[in-house]
Structures are given as structure tokens and as C-alpha cells.
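You will see two complexes here that share chain A, one where it goes with chain B and one where it goes with chain C.
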Partner chain A sequence: MKTTIIKTTILAAAMAMAGHGISRAQQLTGRDIVEKAYNLPQGNDRTSILTMTLVNNNGSTRVRKIKQFYRDFGTVEKNIMFFLSPADVKNTSFMNWSYDSDKPDDQWIYLPALKKVKRISSDSKSDYFMGSDFTYDDLGDRKLDADVHKLLREETVDGIPCYVVESIPKDEDYMYSKTITWIRKENFVGLKKEFYDEDGELLKSLSIKEVKKIDGFWIITHSEMHNVQNGHTTIIKLTDVKINTGVPASMFTERMMMRGI
Partner chain B sequence: MLTVFFITVAALQAQVDISGFVRTYEGAKVKDGDFSIVQQTVNLNFEKRGEKVAFKANPMLYYYNTDSLVFRMREVYMDMYFKNFDLRVGKQQIVWGKADGVFITDIVSPLNLTEFLLPDFDEIRIGVLAAKFDYYLGNSTIEAIWKPVFTPNELPAPGSIWAVQPDFPAPPTFDWSKSKVDYNLGNGSYYLKFSTMTSNIDFDVMGAYTWDASPTMHVEKHFAFDTTTMPPTPVLTGLTVTPEYHRLWVGGGSFSTEIAGFILRGEAAYYNGKYFQTTDPKAQDALVKKDYLNYVVGLDFNVGGVKLSGQFIQKLILDYEDGITEDKNASMGTFLAHYDALRETLHLELFSYVGITTPNALIRPKISYDFDDSFNILLGGNIFVGDRDGWFGQYQDNTMVYMKIKYSF
Partner chain C sequence: MEKILNKLLSHRWLVMITVVALTVFFFIQMKEKSRMETNLDEYMPKDHPAFVYSDKMEELFDIKDGIIVALYNKNGIFNAATLDTLKQLTKRLQKMPEIDKNDVTSLYTADNIIGTEDGMDVRRFYKRVPRTPEKLAELKRNVENNEMIFGRLVSTDETVTVIIAEIGDSVFTQDFYNRILDLTKASETDDIRIYVAGRPIVEGTLALLGPEDMKRMVPIVIVVIMLVLLFMLRSFKSMIITMLVVFISTIWVFGLMAWTGIPIYSVSTMIPVMLIAIGVAYGIHLYSHLQLYLREHPNAEKREAMEDMIRYMWKPVLMTAVTTAIGFLSLLTSQVYPIKYFGLFTAFGVMMAFLLSLIFIPASVMIFGLPKVKTRDAGTPQHDRNSFAARFARGVIRHRSLLIIITVVVVILSILGMQKIWINSSFLDKFEKTSDIVKTDHFINEHFGGTTTLNLILDANGHKNTFKRPEVLKLVDRMQDTVETRLAVVGNSFSLADYIDRMNKVMNADSEKYNCIPDDQNLIAQYLLLYEMSGDPENLKKVVNYDYDKLNVTFQLKSDNSLAINSAIDLINRFGPEFKKYDISMNYAGSGYKGLVFADLILEGQIKSIIISLIIVIILLSLMFRNVWIGFIGSVPIIITALISFGVMGFLNIPLNTTTALLSSIAIGIGIDYAVHFIEQYRLNAAATGDKILTAERTMAHSGRAIIFNAIAVIAGFLVLLFSVFPPNRELGALVSLNMFTSFVGTLTILLVILHSTNIYFKKKKTENQ
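Our next item is the complex of A and B:
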């Protein structure tokens, strides 16, 4: 259980605002589009409640609820999550420090049964987050230049003009052979994304169901990841989103991990 | 029972958060099929947290076999939060150090060893009456603890399958008159720790003026003279064994850092003034006082989704003398492999303690499945193997299989 889910749920927000001032697609490469999306302002700090619903292929569901805080300190972004439910993970907390440099993330977890904060490895970006269909990379930790981005085409989906960008990982052993992302031309809001496995077969499909403008920032508040190979689906909803409220630096400490909220 | 009932009623009225679990736990020895444990548990957590104050009460009820009910108030404390410091007062579990499954600087809360090392680690630690003060400086913490009342380790009762009968050379008589530490302000324990969390390394240094949580056995030998020999020779006829607790000074520290995807952990403590049993006939009470060093080095990493962890632990008795009944150097290791499957509903785990100086081991495989988020069933084994003189090998006959079913709420 690790990483920066907050950062990722706002990926579409970044995409949403990337295109201001861009008038002609031919001036943009695939990398340009993704880079602009990554670099858009997202607010200095955020708080939200994240509800993740795991749906099995037989329709049974499991729900995880997390309260999360984020703050950008300039050279480092810090996230802290407090698990509210289910009962067996209640009061567990997780903290991630992500650096602008190539330095790997620092991550810690507090397990109330063990009553101590443990440093954990941030090495497994391809692991699935809490049994969901999202890997840590899917949730936003992936670096821009970990892939080669190519603008494939422009097309209209459900009446919405989009750029279609293909991203091929530089690491040949990566779990995806490629991803294809549909990004709205008008405002660069992500619309959907497809993930292809190592054999080139479609593995998962991400749909952005709802984007809201909150405190001046575009925030994805509802997204769904469907694994087409095993029939599983994960629904992520974001509520109680607050931006630039002045989350204190003291929130991202061992003290708060152990105390909880 | 009444206490739990009244707490529950009061909690419901005060809109206190209530959580916990109900668990059934049955184990049987492989050797003869005898049940090694039949235990039903109710664990209740009552918590209420405000911006400046909080409290927690954690009563636990253990129902053994069909006739024995044990009540434990595992924790009951109050928190006060200030800008730069917190204060926690009451019965509490306190966990220190970076090691897993071994207790190096983790000496504040004593251990419940009535079922050896088999209970979950949150249940093996005994809550202690203490005042804990934490002062915060950015990502660093100064922690000071005053434990006014001494609480010893709990040892297996005579007759338990985990009780070990010491091997005495003559019939012992026990004198329990010194086996308690008086409730007295002068008998408090004091602990101090500085810890810090940085982007490169987490570390802490600690010191303690405390008590040895296990009693020292003072052995007085009684002799008679065999007058059939010339000159008459002394013959050991009996022993008076007086368990007594003694003070200890402890200093140490621990660290944790990530190197290329590996988490490297270390922890060490220097214990000053520990009594060891000796066979030296000139030693008073068959004891000798020595210092010792205890340390652990561990590595955590992931391979193909499997979480792996290994630790090397060593205890070194300094200024060692022949006759001490423990080895000068005693080494052991721990190994953990953990894998989650089926969207983290199926959990496979193998944990083991492996004695190196004395070849023996405790191997703990287990498999558990979450039927849903609140309901888990676990099947496992506790396999004791190796030299019967070893800490684990001595329990070879207690190798068991067990099942736990747990409902969390």
C-alpha cells in the first residue's frame, strides 16, 4: 500500500488545463501534450476523501475509504493518507514524499497493530494499489520521460474532439507494452485511456466519468478502471475536495501518522 | 464482563467510535492431536478524538477452553495535544525500534510469553501504566517516558505446554519473598528517545534506567558432609531459589534507510548490569553480573510481488567468563516471505526464526483468505525443529496446526 493517489486523481485536471493558448495541434508533439498536462498548476495543497469501490466479475463489491492530504513544498511533494475503512485497515496511515529530482520516493506506513511507523520501499510501481485495478504508476507516479509519447491522430469521440497519444515505455520489461490516451482538444481534459499488456493485448480501460472545477482547478471526481481480461472494475470517487486551504507542514510527519485524524 | 458492559453503554451514549474484532482460535498438536489452544476472543476499541484531547480504552476478553475467562484491559489512556508536544497518560503499549519480531530497544512494554512467541505482536506486548511526553521539532521527536510501576514479563504457568522446567542439580525450594517490586516512587523506570525522519534515513537513539523484565534466580546451595570419606566431603543436598528483579541501564538506537529498492534496517542496544547464571562454585548465588550487546541487521525487498525480509540477530556477552550458562555469542536469523493474491484477498506467508549458534527453528507458514472486508479465515502451522537444547527446538513436541476465524467491525 503506497504512493500518491492524490496526485493522480488530479492527472486529468492537469490535462484539463494544459491546452490554454494552444491553437493548432500540428504545433504539438505527443510529448508536448503530456508534458503540459504534467506541469499544470494543481494548487499548493489539497484535502479530499477518496472512496474506492472494487467490483469483481460476479458483481460483488468491496469499498475502501481514505482521507488524504497533499502539499507541494517546491522540490518535494508530500502526501499522507489515513484509511477510514474497512475495519481491518482503519487507522492505518501511509505517507509519500515525491521529489522533483530522480531521487526515488520515500514512503512510510503506520500499522496500528504494530504501533510503529515503518519505512517501505517505493520500488514496485507496477504493484496494484490495495487490490484495485490501478497500479501505483496508473495513479500518477509515472515520470514523463519513462515513455516515448507519439501523437497518433485526432478524432472525435462522442462528439468531443480529442488528441490520441500513444505512450511506449522505454523499459521493455514494463508491465504495459503501450498506453493510448484520449485527451480533449478543447481543454486537454483526459477522456479515456487504454492499457495494453506485454503481448500487445488490451488489458485495461480507464474512463473519466466526471471532472469538476473546484477552487479554480479541474479535478477528476469520478473515474473507472475496467480490466477487460478478468472483468474486474475499480471505481474511484473523490469528495470533500478542498484546495489551497493551508495544510500545515506538520501534517506530513510521523506524529500525524501515529495519531491519525 | 460488567466493566466491558458499562464501558460499552457509556460509549454508545457518548458517541464514541467502537471497533474491534471477534475471533475463534483453535490449535492442535501434531504429535498427539491434543488441543494446544482453544480460545475465543472479543476485542473492543473505544476511541474518541478531539482536536486537543482523545482517549482510548481497549478491553479484551479471552475465553479459554470451556471454563476459563480472562479479562485484560490492554490499553486505557488519555491524550492531550499541544502545539509542539503531546502527553499520553494511562495504560498503554509502547513500541520502539526498527526490528521485526525481536526486542532489542523495544523494552518499554514487557511481553506476555504465556503462549511463547505465538500470539500476534499487538497481543504479545503488555500495556504499562506510564506517562509519555513527546516533544516535536519538525520531523524529529524527543520522547520521555515515566513508568511508575514495574510490570514484568508474563511467563507460562506451571503445567502449560510452554512452561520450561529449569534443570536443577538438587531439589529446589522457592522463596518468593523478593519476587515483587514494591509500588514505590523510587521504583519507577525512565526512558528517553530522540528520533528523526529524513528523506535519506530514519534513526533514533535511546536510553533507559529500567528493570530487567525477567527475574534473576538467586540460588543458595545447601550442603551436608559425607563423613564416610576422609576427609569428609561436601554433598549438595538442596537449593533455595529466590527470584528477584534487578535494575538495568540500557542504551541503544536503530535506523532504517532505502538503498536501491532495498530497505536496510539496524538496531542495537547495550545492556549494563545483567545477571547471568553460572556454574562457577565461587560465584555468589550462582550469578555473575555482566554487560551484553544485542543487535539486529535486516533487509526488506520485493521480488515479483513477493515481500521478502531477512534479519540477523546476535547477542554478545562482554567480559565473558567460563561457567556462564549462556553462550558468549548467540546468533539467530528471521525470514519472512509474504504474497497477496486475488486482489489482496488471499494472503500467503512464511515466517521463521532460525537459531544459528544452536541449530533449531520455529517455522510459521500460514494462508488466509478475506471472504469480505470484515471476515477472514486463517490456517497455519507452528513447526518447531532442531536441537532440543535450543529455544525453539525444546518445543518440538508442541508443533501444531491451527485455525483462526476473525470478524472485524
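Our next item is the complex of A and C:
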């Protein structure tokens, strides 16, 4: 499961039912907490406008506006994105199918200037998403049991009570040596997350700036990832979010990629 | 002045204790606070526009110098053992605290982006070490098909592969280098040889090697000078005290430097050299005078002897000190701080050596007694017209026409030689041709593009997206091709154009036909977006800025020699007018280029300083001797010395660099001293005898003797440096000796001839004498 941009935003996602059934007295393990966070309901399909701002260490920025469609087909999640701006890449489209099984993601790119759809295959799980500071994994593609989770403590940050969970990957060669996530007790939506590199040094920090309840679902609409080692920052904002509008299956095809929206 | 000095004779112990106390104070300062500055960037003037620009671009494009670790296997590198060593070494280098993980590049870390029938494939070349013949063959094929790797990370004969670890400016230390060497040595096997090279290594080793060699050689130099002095002064006491004057003034200089918190730069290591050459002279002239006085007055009391010495010598010694110091102070006009400090502190040292000579030497004599004078000498109180000095003086005058002709010929030859002089900012050229560092560098240059990088920065002056324009990128491509094919010394070049070429090829099923810049600007933008999505976006950061209005083109050169770098720059600059059409300006950045600019700055400053100090010297001499002509006459030996020095460098193909350029200061410092002493004696003798020949003889016997002593002692000392293992120190020894030699020969011959022929001190008696 890669590249579910929306899930992305929802890694820390919504509270909904998950939060309700839990008795406070019951002792939750680190794994329980992360599971609840990962499994927050997100709706079956979604459309939105994603604005990605890349800021480099000189303060220069690149802004990209993308229209995206998502639908969960049960065993496969499909995602298609169309660039709206900048002008020279307008109508460039990107499609990703990510499978519940171990099968690697299928990815396609359409370059309008080339007028051809091309398949992209990549063996790197740690790829950065579109030159941003988010990897596909960061964006919500991480499997629950890829890490060992441990509840470190409970604390209140900015008046919000949180669980603090440490996750250590089982794969020693993974790009992070560990991550620490602050998850809201109230709704299991993430608040912030720290990523540590192979040498155990802080690499990036993610902060969730804004969460909105849209059509009954908690959606992260503004998040910022800051790479403390190279000074690079990525800001992702979601607007025009619509959930369960019935995005058709025909949306996720090569023909659609070429036609554009 | 004379009165004060005489008074001090009575307070000899006070003088002695003060000198010792000050010396102890400065010694403690030196011991505790001295700091050696080895970071060459600290030498560059921070506010010079070329450096400001380069630093800004280095920051923007993350331009750093790289350490190159080369793995060589004569059986080829595509086998499990070599690939495993490469992987392990890459990982260990990434773990070193001095190295940023992302700054290490090798076949193990590189992405391989390849085109397939229906799309594109982004993979590591290998993660697990391939062991089967099929997998090894596949890797080999992938490497050969990727132009961004083949010839850059893997040599085209497939026997060498490199790891490049980029490091910051001030990271290099001897310990760091040793740890890298330990690491690489431990990984070597019977088949795999590992070499370490790159500018940080060369620069760092150089900064450490020079002063280290000096530390070894200077004591020998001093011992030799002491022995020669002992032989000439025939007095152990005189020799020790003369040397003490030099040592004490050197301690004061470095103590003051430490006290004021100014670090020791590598040029500062030249200060003792200057002080030895110049400071010894004061003692020699004083003792030489004292000896002559004692010969004439064998029974003189020490107080009388000292008063006589002070009476006759304080003025010429003061004059020489002031002129020399001002010569060095002219270096304050340099834009380079270490050179300014060098000038300032050497001037201070010279003044201290002078002061000590006039205070410390008399105080020592008062305390420890007069030096013994051999009775044999004491038996010849009168001026001996058959002495060597007298015969030499007469010979010089007799053959004056010949001498003038010879001088003119030498000057013309020197000027011819100077035409051949060239500036070299190379670091590698400072090493022995047979040294490991040079051999490793050659080895890597044979197999790869080059160990020296030159960064061309193309600046579209704020026109965003200029470097997405096909016509601009095509021009960049053409420039790179032209420079690579026309100049053998440029092995490789790299820019955004290479990425676009590669993407175009990959997206067209790896067809060689598409290994070029496409005509559609949108396609270029889309390729770039695709690269960001699939490759490492950090790579693009190194070649173009966010707004696509600044481009970094990297040229790899096989030599860091200034001629090589300049030849590349000249050829690149020919594309200037074409880039101008798109309002694109060309600039350069990176350490190699900064070195080039820096060498020019030093030279420019040095030439300016020579001219300024010559003018000041002429004015001072004119004032001191109250005669404008003496100003010009006195500067003749200096000019000749400087000309010969540069001429010889031209003929012997010794390039100008920071060290050799500074040596012209010594020509001035010493040249003035000799001239002042000689003219002063000549004037006194002329007034006393009124006889031109006798004046010449006596001057030769008095000043000439001291000058020869001084010259022989210093020349003998510095010739020792010819046995140094460090070539720049050898050049230093040779050139100091040469300068001393020409200064003394020039003074004793041509200066005498001019004084004699111009009748400058015999004007009134002109008619009688002729």
C-alpha cells in the first residue's frame, strides 16, 4: 500500500468510532494505539485539491497544485492525480495502485508533452514523494506490524492529552532507526511525529497544523514536514475535500490519465 | 639617542633583566595562546567580490570538495569481493562523524534510472552484493549503459571504482586522514588496492607538511648559521649574543601575535626566516666594528669600546632598521590578511632586533666582557692596503666598465627571464613528483575525469525558468562537448543538461537517438518533475536552483595547475557572447577557482608593495643622506636583486606562488641594509681621507667585511633547506640564498662603481681628483 495521499493526511486520522468503544480503564498497548490511528475510517472515495509547497533552506519556494481522486476497492486502493500548476507541467498525471498483498505498487506517469503513458517501477520503499520531504511511507503506506510499537508515556501537549508511542522498524536497514508519534487520546488523530535517521539523530519532524471534520470524517487539512538536517520543509494543504461522492472506477485508467480533467 | 644608549650602559643589569622578563612574558604567551591556522579558506579575503560570490554559490549548490577513495582490482571490479568491499567502505565512510551520510556517493548508493519498453525503472545498482555470474553480468550491463555512472563512478576499463565523500571546509585533520587511511588499508586484499586522493587531502596534507618540515629543518639551519658565525666572528660569546638577538626578537613577535589573539598563518612561518636573514646582520655589523676598533685599540676599556661602537654604528643600524621595517609595512596594502600580518609583525621583529642589538649587545658586553681578539690581528692596527678587501676594492674600480656591462647584460637577461614567469596556485605541484599523493592523483586522473573541479555558474539575472529553455540547455550541452573534446586536461563535465539528456533517452525506451535535449520546453519541465518524483531530488539541487535561473556546470580537470584551470576558463569564456544573447552571465566558483583568484591577489599585492617600498626607500635614503641621488644610487642593488630573483625563477621555471612571491621582500630588506651600511661608511671615509681609492678600500674593509660575514652565514644556513623533503621549502632555501648572494655582490661591486663614478662624495674636489 503506497501513495495513498489521502490516507497520508489521515495517518493520524479521524476519531470516529474507534475512540468510542474504548474504556479508559483498559490499558492500551503501543500497538493498540497505533492500530487505532492507522485504522481510522476515511470513507470509500475522496476528491480534493492538494497544494504542496516546497521550501528550501534559502527560503525559495515551489508551489504545486494537484487535483486528486482516491477510491478504496477493497484489496486495492487507487489514486490518480492531475497537476493543475505550474503551467509547464499542467495535465501531467500520475496514477498509483497499491495492493493489500505484498505485491509492489503499480505506478504510471503521463507526460502531456510526450503524449505517452509510461509505467514506473521502483524498488525503493523510501522514495520521497514528488520531491517533497514526505516518503510514500510517511504518507500512510506503513504496515502496522512493520514496526514494534511501545507506549512511552502519556503527556499533554498544548493542552491536548496524547499518547507518546515509539515505533522501531523490524527491518534494520530501514531508513529510520525509530519514530516517535504523539497521538491524541481523544480521537486517535496524530498531533506530531519525529523521525530519527540510521544514526539515531533527529531527521525530520512532522506537525499536524489543522484537522477538520468533513462529512463526518476527521481529515488533516494542513501538515508540515520539516527536515532538520537539510533545512527543507514541505507544507501540504488540502482543500475542496469531498468524501463518498461515488468516484467511478473508470476514473483510474490510462485513458483518463491522457484525457485529463 | 646616543646619550640614552650610553646611559643604558650604566644600567646594564636593568636592561638585561627587562629583556629577560619581557622574553619570559612573551614566551609564556606564545606557549599558551598560539594557534596555527590551517584552514586555507581563512586566508581568503572574505569581502572580495569573487570570494563572496563563490561562497554564496557553494552554499546554494552545495559545492564541496570531495575525498576520492578509489578501489582498484586488476581483474576488474565486477566480482563479489570488490563489490562487497565497496559496499562496506561506503557504509563506513557514511558513519564517520566528519562526513554527512548523504555526501557519500558510490556505485552502491547511486540510483540507476533505465528505460524499458513500456516505461521507466528506478533501481539501486545493487543492495545485496550480487554473487551469481548472471547477476554480476546484469550489473555490469547496467553500469555500461548508464553514462551518468560509467566513466564517472566506474572507470571505462572497469578496473577502478570510486567513492566520493564530500566534506566541509574545516573538517580535515591529520587524525581524520589517518582514520580514513586505516579504514582503507584494512580493506585491502591481494587483489584489491585502495587509493585515497582529492583536494581536501592534498590541501590538508600540505598545510601540515610544510610547517612540520620547517620544524625539522630550522634547527639545522640555525646550527649551520651559528657555526659559520663562530668561524667568522672568532668569538663564541659574540656568536651566541648575535643569535640571541634574533631568537629573542622572534619570541617577542610570536608572543605578541599570541597575546593579541592573531593566529599563526602558514606565511607567518616565514617570519623567522626573514628575522634570521636580517637580524643577524645587526649583530655582525656591530661586532665587526668592535673587532676593528679593538685591533686599533688593543688596550681599550669595554666602556670606551661600547661608546665608540654606539657612536659610529647607531645611525646606520637605525637607518637600515627603519627602511627595512617600512619595506615590510608596505605589505599592509595587500588585500590578504595573513600577508598584512606578515608585513606588520616582520616589521615589528626587525625593529626589535635593531633595538636589542643596540641595547642588549652593549649590556651583554658590559656584563660578560669584550670578545677576545686574536693577537695576530691586533698586530696590524693600520689599514692594510694589501689586504684582500683593499685589493678587491681596487679591482672593482679598475674593471668598472666591464662590471657595468655585465650588470646591464644580467639585468637584460633577468628581464627576459621574467617574461617566462608564471603564477601557480596549484597545491599538487608543491609535492614531490614521486610522493604517494601525486602518484595517487595521477592514477585517478588516468582512469577518471579528474580530481580537480571548476564550477561555472550561469546566471540568468533573475529570468525564472531560463534553464528549462531547450535552446539554452542545448548551448550548455554544446559548450560542455567543446570543452571536453578540445582540452585534454578536462576529463568530464556535468550539468542539468546531462540529466535531461538521460531522461529523454530513458523515456524513449533507452534509444541512443534521444540522448539529447528535446525541443519542447514543457517536456523538459515534465522530465524534471518526473526526475524529482523518481530520483533523488537532492541531486538536482546541486545543478540548478529552485527558480531555474542559476545553473552550476561542473568541469573535472586532471590538474590543479593554474595553466590548466586558466586554459579551461579561456575556452569556456568564448561561449560568453552566446550566453549573453539570453542575458546569461558567466561566473566561477569552487575552491580551485578561489585558489586562482587568491594567487593573483597575493601577486598583485606583492608587486604593489614592491613598488611602494622602493619609492619609500628612495625617499628615506634621500632624507637620511640629505641627497636625492643617494636615494637612487642606494636602490640600485635592491632593484638588481629583485630583477635577478624573478629572472632566475623565470628561467628555472619556478612559478610564483604565495611563498616565492613574498621572498622579494627579503631582497628589499637585505638590499637596503647593505646599501645603507656601505654608503654610510663610504661617506665617512670620503670625508676622512679625501682619497677616492683609499675610501673604497677602507669601506670595503669595514662594511664589505660585515656584509660578507652576514651573507655567508645566512646563505650557508639556508642552503641547508635544499635538503628538505618538501619542495616549496627547497625553493625557499634556494631563493633566499640567491637573494643574499646577489644583494651582497651587487652592493660590493656595482654600488661601489656607481659611488666611485658619480663622485657623489667628492664633488668639491672633483677637479683635483681628475
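Following the convention adopted for this analysis, the second predicted complex is superposed on the first by the 251 of 261 C-alpha atoms of A that agree within 3 Å, B and C clash if a C-alpha of one lies under 4 Å from a C-alpha of the other, contacts with A are read in each partner's own complex, and residues count from 1 in each chain.
Throughout what follows, a residue touches a chain if its C-beta (ideal position, glycine included) is under 8 Å from a C-beta of that chain, and two chains touch if they have at least 3 such contacts.
Not measured: the values here are computed from a predicted model.
Colleague: Sticking to the clash and touch definitions up top, decide whether chain B and chain C on chain A clash or fit.
Modeller: Here the two partners, once superposed via chain A, clash with each other.
Colleague: Applying the document's definition of touch, where does A:Ser250 land relative to chain B and chain C: first, second, both, or neither?
Modeller: The first partner, chain B, only.
Colleague: State whether A:Tyr38 touches chain B only (first), chain C only (second), both chains, or neither.
Modeller: It touches nothing on chain B or chain C.
Colleague: Check whether A:Asp197 is in contact with chain B, with chain C, with both or with neither, and answer first, second, both or neither.
Modeller: second
Colleague: Of the two partner chains, chain B (first) and chain C (second), which one does A:Arg119 touch, if any: first, second, both, or neither?
Modeller: Both partners, chain B and chain C.
Colleague: Touch check for A:Thr92: first (chain B), second (chain C), both, or neither?
Modeller: Touch status of A:Thr92: second partner only.
Colleague: Can A:Tyr174 be said to touch chain B (first), chain C (second), both, or neither?
Modeller: The answer is neither, since A:Tyr174 touches no partner chain.
Colleague: Quick one: classify A:Ile109 as touching chain B (first), chain C (second), both or neither.
Modeller: second
Colleague: Answer with first, second, both or neither: which of chain B and chain C does A:Met130 touch in the superposed model?
Modeller: Touch status of A:Met130: both partners.
Colleague: Can you tell which stretch of chain B collides with chain C among 153-161, 315-323 or 369-377?
Modeller: Clashing stretch of chain B against chain C: 369-377.
Colleague: Residues of chain A that sit at the chain B interface in one complex and at the chain C interface in the other, please.
Modeller: Residues common to the chain A contacts of chain C and of chain B are 54, 56, 62, 86, 88, 108, 113-114, 116, 118-124, 127-128, 130-131, listed in rising order.
Colleague: If you look only at chain A, which of its residues touch chain C in the complex?
Modeller: The contact residues of chain A facing chain C are 54, 56, 58, 60-62, 83, 86, 88-89, 92, 94, 108-109, 111-114, 116, 118-124, 127-131, 197-199, 229-230.
Colleague: Residue numbers of chain A touching chain B in their complex, please.
Modeller: These residues of chain A touch chain B: 54, 56, 62-63, 76, 85-88, 90, 97, 99, 103-104, 106, 108, 113-124, 127-128, 130-132, 232, 250, 253-255, 259-261.
Colleague: Spell out the residues on chain C that touch chain A in their complex, using ranges where they run on.
Modeller: Residues 60, 95, 100-102, 116, 118-124, 465, 468, 507, 518, 520-523, 525-527, 529-530, 532-534, 536-538, 541, 545-547 of chain C touch chain A in their complex.
Colleague: Please give the residue numbers of chain B that touch chain A in the complex, ascending.
Modeller: Interface residues on chain B, with respect to chain A: 19, 21, 49, 79, 81, 86, 93-98, 120-122, 134, 136, 138-139, 141, 195, 197, 199, 202, 256-258, 261-263, 300-302, 305, 340, 343-345, 370, 372-374, 376, 408-409.
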